[in-house]
Amino acid sequence: MIIELKESAQASAADLAKKVKAFHINYQDKAYLITGSALKEVPQDLEAHAANFWVFANDIQLASKKFQQEKRSVNFGNVTIGGQSNQTILIGGPCSVESEEQLRGAAELLVGMGLSTLRGGAYKPRTSPYSFQGMGLEGLQLLAKMRQDYGLNVITEARDATHIEQIIEHTDIIQVGAKAMYDQGILRACAKTQKPVLIKRGFGTTLQEFVQAAEFVLSGGNPNVVLCERGIRTFETGTRFTLDLCGVAWLQEHTNLPIILDPSHAMGYAYGVNPLARACVAMRIDGLLIEAHPNPKVAKSDASQQLDYPAFKQLHADIQKVAHSVGYKIV
Amino acid sequence: MIIELKESAQASAADLAKKVKAFHINYQDKAYLITGSALKEVPQDLEAHAANFWVFANDIQLASKKFQQEKRSVNFGNVTIGGQSNQTILIGGPCSVESEEQLRGAAELLVGMGLSTLRGGAYKPRTSPYSFQGMGLEGLQLLAKMRQDYGLNVITEARDATHIEQIIEHTDIIQVGAKAMYDQGILRACAKTQKPVLIKRGFGTTLQEFVQAAEFVLSGGNPNVVLCERGIRTFETGTRFTLDLCGVAWLQEHTNLPIILDPSHAMGYAYGVNPLARACVAMRIDGLLIEAHPNPKVAKSDASQQLDYPAFKQLHADIQKVAHSVGYKIV
Amino acid sequence: MIIELKESAQASAADLAKKVKAFHINYQDKAYLITGSALKEVPQDLEAHAANFWVFANDIQLASKKFQQEKRSVNFGNVTIGGQSNQTILIGGPCSVESEEQLRGAAELLVGMGLSTLRGGAYKPRTSPYSFQGMGLEGLQLLAKMRQDYGLNVITEARDATHIEQIIEHTDIIQVGAKAMYDQGILRACAKTQKPVLIKRGFGTTLQEFVQAAEFVLSGGNPNVVLCERGIRTFETGTRFTLDLCGVAWLQEHTNLPIILDPSHAMGYAYGVNPLARACVAMRIDGLLIEAHPNPKVAKSDASQQLDYPAFKQLHADIQKVAHSVGYKIV
Amino acid sequence: MIIELKESAQASAADLAKKVKAFHINYQDKAYLITGSALKEVPQDLEAHAANFWVFANDIQLASKKFQQEKRSVNFGNVTIGGQSNQTILIGGPCSVESEEQLRGAAELLVGMGLSTLRGGAYKPRTSPYSFQGMGLEGLQLLAKMRQDYGLNVITEARDATHIEQIIEHTDIIQVGAKAMYDQGILRACAKTQKPVLIKRGFGTTLQEFVQAAEFVLSGGNPNVVLCERGIRTFETGTRFTLDLCGVAWLQEHTNLPIILDPSHAMGYAYGVNPLARACVAMRIDGLLIEAHPNPKVAKSDASQQLDYPAFKQLHADIQKVAHSVGYKIV
C-alpha cells in the first residue's frame, strides 16, 4: 500500500513510517509511506494523515501504473528518456574496457555519430575464475577519463557489493547486471544515491521479481530506475538467450519505468543484433545497449556478439528509420 | 547430403534413390536425391550421375541457405511472399469459426481493408476434452464458402491425421499447428500436395527440430513450406508464451524458408499484440497471423488475446508505417 | 462436474448426456455424466436423476483424487499395478525393434529375470526424416511374436493416428508418446478400447495439460490410463531432459492414476539411469520403463542412453532393495 | 590446466604463479598452479618444475573427477561427509530464524533425534523489499548461541557481500544462496577461509556454471566445497521449482564434490518433501537440507513448504530405511 501524507504530516513522516513499519520517501514534492501490498486498509495510526492511498494486488507498487500512469522521466546525463520525450537512447561501447586506445576509439565513434552515452565493463561478472575478470578500478578510471575528454555519459556495471561505491562515484548511470540483480548490497546502495540506475533482468528472473528489484531502489528513495531486458534462459540453445519482447509489452502495460533493451547479450551473435534492435525500437522502447568493438574477433569477452564499427553505424541508420515510423527519435 | 542429378540421370532418379535409400524430389526443373547428413561423400553408385552436391553439418538440408541462398518464394493463393517480394502478408480472422455470421463479418473486414487471407479454426486442438472443440467439417465448409463469396484465401489447422485430407481439400494454405508439429501422419500428407504448408513451431520445440519438421514436407516433394513462430514455453507466466525473435533472426540467417509470426498466441493478451506485431514487421518478416473477433469477450476460445475490429484496423495502420521504414509493404 | 446417475436413470443416460452436452461413461457398475468444470451446479434437467455429484476447480475431474481417492488399479496383462498392489513394474527392452534376433534376446533376458513386459519401438517418432524411422508394421508383428513365444506383455508406441488401429490390435499396452500426447486422433481411439493406455508427458507439457490428456481417454470410456513422466525440456543441456520428480509428487497428490517413470529418456546417458531409477522407486511409483540393448553402441536410435544387459540386471538388483525399503516389490 | 609442482619448486610457487598468471594453491601437501582450460600445454617457464599436469576440456578443473577421482571428504563440524564415509547428513531447521524460542525448539528437536546440524536464515534474500527480511546479525547470534548450548553445527546464508565476514565468523558452514551464487564478493571471501562452503545452484544456472562457482572457491585456496541442488526454474508452475536429479547424476559422474539436496525449496509444498527426500537418498547423496517449523502456518517465510515436527521425524524414519538399502546411513 502507498499512502500519500497530508502536507501537515510531512514533518513527522519518519516517525509515522517507523510506527507502521513502512518505507518513507519524498517524491515530486510529496511524502509517501509504503508498506507491503498485503495491507489493504490505511492503518488507524495514519488515518488522520493520509491525503490519498493506493492498494495493490502484489508488491509492484511504486513502479506500478496504478500509482503513476505516466512513464517516469529519467535523466541519463544530459539526455532525457521516458516521460513524454519519445526518445530512444542508443548506448554503445565494448563489452569490456580493455585499454585506453580501445575505449578512446569507441568514444570517438559515438561522438562522431552524435551519440551521448558510452558503455564498457570494468568489473566483469564472469562465470569462471579463469576468464578475463575486467580491469577493475583502472577500467572505471578510463571510463571517467572518456567522460572528461569527450563529454560522454558513462555506464558500467557493479559486479558485487564490495565495489559499488566506486561504481557510484565514477559513473553517470549505475548498471546492476543480470547476475547481480538480487544483490541487496548493491540495490540498497543504489537507493541512497540519485544517480540513475539501470537494472538488468536476471536470465532466470520472472517479470514480477524483476520489477520488485526496482522496488528496492524506489522504496529506498531513488526514483530514477530504468529496467533492461537482456534475454532469458530457455531450452533454446541456437541463440545465447531468448529476448523476451512479450515481457517488454507486459512491462509497458503494467509499470511506469522506462525500458532499455540489450539485444547483443540476448542473441549472442552479431548477425541478429541489427534485426532485433529494429524490432525493439518498433515497440517504442526508451533505449538500446549495443556492444561494439573495433575488432570483435580479438575481444576479451563476448567476441561473437559485438558489432564492428561499420555494423554499428549501419544499425544506427536502420533504427532511425524505424524510430521515425513509430514517432520516436534516436538520441 | 543433397545430390543434384545430371539431366541424363533424371529418368532413373527413382531407381537410384531406392539404391542409396534416399529421398527423390524434383525442384525447379532439376532432380535431387537427399540422404541423411551423416553421409559426407557421394556414394559410388551415384558418382557418375551427380552434377553437384551439398554436404551439411546436420539434417537441415533442403531448408538450408547452404543449399539455396535465396529465400523461397511461396504463393499464398494470389499473393506471393518470400523471394524478392518484400511483402508481409497480414492474415486475420477469428481463433475459432463459430458461425457463418461471425465468419462473414471477418471476411468483410478483410476485404474492406484490401487484405487477402482469412484464418479460422475448425478442428481445435484443445487441451481439455471439456472445452469447445471447434465446428469440424462444418467449419471447413464455412471457410470454403467465404473463399467463394469474397475471393479470399483461407487457412485453417489440421488437429490430427484423421482429417488431414479434408483440410487439404478445403483450404488454400494448410496449417500444421504447434501441437501437431511432430505429427508425421500430417507432415507426410502435406508432402504429397503442392498447396502451401504453414508449420507452427511447437512451444517446446528447438529451432533445429522445427526446421526438421519442414524437411519432412520438403523431402517428400512439396517445396512450399512456410515457418511460423508463435511463442515458446518458458518459466515466465506473466504472458501466455514467449515470442522468440532471437529464434526468428536465427531462422532468417540459416534457412531459406519464409517466416510468419503469430504474436496473438505468444502474448495471450490483446494489449501486447500491436507492439509485438510492429516488432515483427521491423524484422522484415513475411507475414503475420492475427486473431480478430467482432466481440472478443464472448469468443469460444482465446478470448483474452483476440483483437476487436477497430484494434485490428489500428494494427494494420501501424504496421504499414513500420513496414515502409524497412522497405517492405503489407499485403 | 461429474454427476453420478441414479440407478433408475442409467437406461436413459445417453439421452441425458446429449441434453446437457456431457460425456457419458459407465465405471465400476455406475453411470456418470461429465461436463466441463466451469459448471458448478447440477443442471435442472438432471436434478431428479443425480445420485451424487462432484465439482472441480479445473478440468482434472475423472483423474482427480477428489472424485476417487484411491489410486486406480490397472492390469498390465497378467500384472496389476496401482490400487493396493504396492508393485513397481520393470518394463525393459530396446528403444527400437531392429531385428527378430535382437528382440528375442531382449525377451529372453526379461523372462530369465522373471519380468513380464517387453517394450520396443516400431513406429519411431523421429524429428528428422533422414533418421531410422522404425520397422513399422513388421516391428509390431515381431513384438506380437514375442508375446506368443514367451508369454510376455508387449508395449509399443503410436506415432500418429494413421496406424493407431494397428497398435491397438497388436499390443497389450498402448503407448502414447511424448510428441503424440496432444494427438486427439490417437487419444479418441484409445478411449474406445479397454486396453491399458500409457500416456507420456510431452517435454513442453504442463502437469495440468498432461492429466487433461488422460481425461480425453477417461471421459471417452476407457478407465485404464497410466501416466508416464519422461523428462521435460529445460535450459539445462548437460543432460538430455530434466526428470520432473516434483511433478511426480504433484501427480501422486492430486490424481488417482498410476505413474510410470522413464529415466532413460530423461537422462540421455546410461550412467545416470541406475541412480535415477533408484530415486523413482523410492517414491513408490508404479513402474519403470528402461531401455536396454544387447550392444548399445550400434543401436539405431538412442545409443547413448540404453543399458547393456549386465547393467540392466544390476539395475534390477539395486531397485529391488530400494523397493523393499519403501514397502514395494519389483515385478 | 592444473600443474602439480615438484617439491623443489614449492618455495617459489607464488612467483611462478605470477609469471604465468595462474592461481596457486596447496592441497593435501602438494602445490598446484591452475590456469584457464584453454591452455593445453605446460608453459615453458614451468616445464622444469612440473611433476604432473592435467588438461581439461573446460573450466571445471579442480572439481573434476579427472583431477581427483575420489569424492572430496568435507568435515561439517564434527561430522564427515563425502569421501568413503557413505553418510547422508540430515540438516534441519526453520527457513528463517524468528525468535530464540523457535530456534531453541528446533535445536532440541535435532538433538533429540541425534542429528548434528541446524539451519536457519538470518539475512533473507527476499525478492520484495516489503517482505520480512530476516533478523540479520541478531539472528546470527541466536544461531551461535544454539551452537554453544547444544553442541550443534550451524549453517546460514550470506545474502550479499556486505555481511559475508559476519557469516564466516558466526557459522560452521557458510551457505551461498541460489540468488548469491554468482556473487564474487562472497565467493572470494569464502576462498580465504577453510570453513566448509555450501553453494546452492541458482535456479537459472547451468550445471557448468554451478561447478564453475565452486572453482572460484577452490582456486582461491579453500578445498571444502559442497554443492547443493535446490530446484531450477522451468515452465512448470504446479510446483515451486523443478528438482534436477538428472543434474545430480551428472554432478556425481563428473565432479569430486559432495552433493546436498534441498527438496523443500524445490517442491514448495510440504506434501512432496518426504517422497522427494527418499528419492534423493536413494541416489547416495551426501546430505539433505529440510525446512522444519513448529507451526508452519504462521512462519514468516516459506510457510507452505516447511514440515511440522512430526512430519520431520517421519521423514527421518523413512529416509533411514532408504539409506540402508543403498549402503548409506543418515547422520
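Order of writing sets the chain letters: A, B, C and D. Residues in each chain are counted from 1.
As a convention for this text, a contact is a pair of C-beta atoms (placed from the backbone, for glycine too) under 8 Å apart; a residue touches a chain by one contact, two chains touch by 3 or more.
From a predicted model like this one, the values you see are computed outputs, not experimental measurements.
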Which chain's C-alpha centroid is most distant from that of chain B?
-> D
Could you quickly compare B-C and C-D and let me know which has more C-beta contacts?
-> C-D
Centre to centre, by mean C-alpha position, how many angstrom separate chain B and chain D?
-> 48
When the centre of a chain is set as the mean of its C-alpha atoms, what distance in Å lies between chain B and chain C?
-> 32
How far is the middle of chain C from the middle of chain D, if each middle is the mean of its Cα atoms, in Å?
-> 37
Please list all residues of chain A that touch 2 or more other chains.
-> 204, 208, 232-235, 237
Write out the stretch or stretches of chain C touching chain B in their complex.
-> 23, 34-37, 59, 61, 125, 127-131, 159-162, 179-180, 182-186, 202-205, 208-209, 212-213, 215-216, 219-220, 232-233
Would you mind writing out the residues of chain D in touch with chain C in their complex?
-> 204, 206-208, 231-232, 234-250, 252-253, 266-267, 269, 271-272, 275-276, 278-284, 318, 321-322, 324-326
Which residues of chain D touch chain B in their complex?
-> 204, 233-235, 237
